[in-house]
Amino acid sequence: MIPPPLLELDALAARVPDGATVALPPDNSLCPVSLVRALIRRGVRDLHVIGVPVSGFATDLLIGAGAVSRLTTAAVTLGEAGFAPRFTVAMKSGALPITDATCPAVHTALQAAEKGVPFMPLRGILGSDLLASRPDWRVIDNPFSEEKDPIVLVPALSPDVALIHAVAADRAGNVWVGRRRELATIAHAAKTTLVTVERIVDGDLTEDERMAPGVIGALYVSAVAVAERGAWPLGVLDLYGADQKALDAYAREAKTEEGFRAWLSAHVYGPAARAAE
Amino acid sequence: MIPPPLLELDALAARVPDGATVALPPDNSLCPVSLVRALIRRGVRDLHVIGVPVSGFATDLLIGAGAVSRLTTAAVTLGEAGFAPRFTVAMKSGALPITDATCPAVHTALQAAEKGVPFMPLRGILGSDLLASRPDWRVIDNPFSEEKDPIVLVPALSPDVALIHAVAADRAGNVWVGRRRELATIAHAAKTTLVTVERIVDGDLTEDERMAPGVIGALYVSAVAVAERGAWPLGVLDLYGADQKALDAYAREAKTEEGFRAWLSAHVYGPAARAAE
Amino acid sequence: MATQEERLIAAIADLIAAPHPHPVRHAAVGAASPIPAHAVMLARHRGAEIRLSLLQRRVGNPFTEGTRELFDLAGQGRIDLFFLGGVQIDGAANINLLGTGDPPGSAARLPGNFGAPFMYFTVPRTILFREEHSPRVLVPKVDYVSAPGVSPRGTFRRGHAQALVTGRCVFTFDPEAARFTLASLHPGETRQSVREATGFEYDEAAELGETRGPSAEDLAALRGPIRAALEDTYPNFCARVFGAKAA
Amino acid sequence: MATQEERLIAAIADLIAAPHPHPVRHAAVGAASPIPAHAVMLARHRGAEIRLSLLQRRVGNPFTEGTRELFDLAGQGRIDLFFLGGVQIDGAANINLLGTGDPPGSAARLPGNFGAPFMYFTVPRTILFREEHSPRVLVPKVDYVSAPGVSPRGTFRRGHAQALVTGRCVFTFDPEAARFTLASLHPGETRQSVREATGFEYDEAAELGETRGPSAEDLAALRGPIRAALEDTYPNFCARVFGAKAA
């Protein structure tokens, strides 16, 4: 029962291979932005990014940095800050192949992997152009219905790597994500789960009945790194809110390639950015 | 947003109609024994009891009291106290129709109801006599496989009533069950959820990020009653352990009809039993 | 004097209270939908017993199973009312959240489908809301169907659009005919002005009145207790519509 | 001097460490299986890196998603080793947890299938364990197949029984032949005594030695640190097998 290793942030980023299928939580759900910055610094390439179920700031950074070769997601948005600028540019230029989805289908695909079944059904979707664009989905007649009852089957999705940010890890490698249970589903479904945390805590989180319900158990966790304020400029539950000014500034500046490069220089490559991590 | 009503225990029991399909958690998972005793006092009849995923002490009481007309479960046991005596007698006499299951199939059936899909697939089971005994299950060929790949489909199960015991309820009707997330699944899947709790707490459990992960939200809760030590002789998380002596005594005494009646007199109908609730 | 936003809020609150085979006990509203959220709160203030789940609140949101719970709730049939919009809406109530052009998204790419392809089927009442009422939004045929307005018989579907509320009018929707009917005009609009701004065909109610605005009591509630309840969730909207915060 | 239980623990620990295409990184053990739990702990004490999940511990169990998590873990392929028994086991490694007679359960009804019909397929290594070794347990054909020992090609199955450990001997299992082979005899047993106590047909290893018992270091570990670690989970077993608790 060796616990998952506690690494430096850059060493954690080094565990994401080029070409991997990488699942990322949405902006409001413990998104590991520090880790994404470290990935950009290491020059990661050719990622297939999965938005669980939607994508935002972190994915827009990766797209802008040229690290994404395919995107599967139900939507890409910066929320109140508006459209995701590098995503918008990439879609306009046709440079980024996208596999559109819908939120519950992303959850369903991950839950199928979580349960170890090859597919799960999902209501709705019939008659949409989304369905027409997903040859990997199937429509069957519900075998339990006397009458014709078509239903969509979504195949299981097991990402190579899940990247998540958590509030805390204990020394056994258990991590606490609170009510964001979709992060647990990502970790259960993924082959490898890399976690940044705000801090390391003493004791065993699974031994505390009050904390245990919000824990992802160590057996799903491949490695951990500490990244204080590791979701910035996004927020973490009630620990800190999103930095709306920083997000608004990004949404404005990153509309141009030049502005995006300047943002990277200041916040990803700059000595201040490195020192902050 | 009227919260679910806070009732007396007997009034809660009155909300379980005769003939209902009733889901009960296992002995180690916040089983509402006080409520089951109240049901027996009110003379409930003709229940179809679902063990989620297995059955124990509470179900044995209901069987002995003649309240059960069908049982669907993956197993019936008193754990360390041994076989469930009234179940064993009922099986021997052939008086109790049983639909055997397997633990993950019970979870799968409830999760299908939780997601609002008519079925979910499940691995394993093929070639077992269990499968042969479940004409309500289907085997299809996995539509995503090139090669022959038979897989079982389990239909969704939506109990009429879920009966659960929780650590606490707040005044909005949110209840805290901690890591026993299968209770949340039961509540999500059931049409009506009746909850006994150890105590009522101030504040809103969903507003506390530390408590929220263990909460079943009020919108799933139909009514609440306070039942202190409401799982006795079973235990509740780290609040109190199972009363092994009481369970051993029950397992011994309830082997005969006479002994079971004596147990009911002392612990269900007796004035002391009523006064304790 | 009511603002345009307050009028739209009142119009939607009227639709929530309108006779309908499926009563609203639970409405869910997304982060980008302040007007629908205020409408649900106004309907409650007027006496309807409705649970309102505000999605994506950072602190204290009602869900304890992550973002999946909303969709599970809808799948269970526990959400009675949801709001959808789109970059395009057509006369059969098809909605497009993805983008325009051929291929879709080549002219303008929007964020994406979100949960619409699922919610439009599983929630029994949908109110379509799009403030911009122009021929580029209300089109004869959407460039991309995120979710269809109607489905063939034999398709699992709990309901359809109840109505479409725009900055100019209220349309009701008849799923049997797969057509909208102009039901009321906002102040300053005419049959003609709506006809010119609408790219799809629709019917007109014989009696075509003005959309009922908010009462004095509605306005007091919106600017007082409802604002107080929603200010944390929609700070920018509240500041813009209701003015600077009272100290 | 080792007790019978300590010998069985050592025999199972040897099986866990035996060469096998699927290494054990994570074993799950149920509440009713103290001997397998101690065997995993002994294998760890001997140096294997194995995570042990003790199911149904009231406090501090490793699962945070309720009882479902065990089965999800197995479905994901994250449990490498599980232990199963049965009221009957036959020569093709079919197991019966439900009951005997015709119809099954009419002669003796056991608790039921639990997770066996799923776990036997999804966990790559199963060690069958039943202390009673008699013709009524080890039968030619089980009265009820809770889970089959082998499956036709094309059936999703990660593995099979690795071995069957009883109070008399160790059998290994060959899923290709669907047959057991007597691999070692516990002290005091002979080829003949096992043959007479076994209701199913099986093969015999050419070299048939005595089941290796626990070493002095094994015994010290079992009676010291392993007991200390498992005492809370299996109090009755520890008191019976290891004697009164040291103060």
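In this document, chain identifiers A, B, C and D correspond to the written order of the chains, with residue numbering beginning at 1 in each.
Note that in this section a residue touches a chain if its C-beta (ideal position, glycine included) is under 8 Å from a C-beta of that chain, and two chains touch if they have at least 3 such contacts.
Please read these numbers as outputs of a predicted model, since none were measured by experiment.
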Request  = Based on which chains touch which, give the shortest step count from subunit C to subunit D.
outcome  = 2
Query = So, what's the distance in Å between the C-alpha centres of subunit C and subunit B?
reply = 40
Task = Please compute the C-alpha centroid of subunit A, do the same for subunit B, then give the distance between them in whole Å.
result = 36
Request  = Take the average of all CA coordinates in subunit A, do the same for subunit C, and state the distance between these two points in whole angstrom.
outcome  = 29
Query = Where does subunit C touch two or more other chains at once, residue-wise?
reply = 59, 63-65, 71, 75, 122
Query = Which subunit B residues touch at least two other chains?
reply = 115-117, 122-123, 149, 151, 179, 181, 184, 209, 212-215, 237-238
Note = Each pair of chains that touches is included here, namely A-B, A-C, A-D, B-C, B-D
Note = subunit A partner, complex, touching residues on subunit B are 108, 115-123, 138, 140, 142-145, 149, 151, 153, 155, 178-179, 181, 209-215, 237-238
Note = subunit D contacts subunit A in the complex at 26, 44, 49-53, 59-65, 71-78, 122
Subunit C partner contacts - residues on subunit A that touch it in the complex = 26, 28-29, 53-54, 73-77, 79-80, 83-84, 88, 91-92, 94, 100-105, 107, 111, 122-131, 147-151, 179-185, 235, 237-238, 241-242
Key: Residue ranges of subunit C in contact with subunit A within the complex   = 31-32, 56, 58-59, 63-68, 71, 75, 97-99, 104-106, 109, 111-122, 144-148, 151-152, 154-156, 236
Request  = Would you mind writing out the residues of subunit A in touch with subunit D in their complex?
outcome  = 1-2, 113-117, 184, 188-189, 204, 206-207, 209, 212-217, 219-220
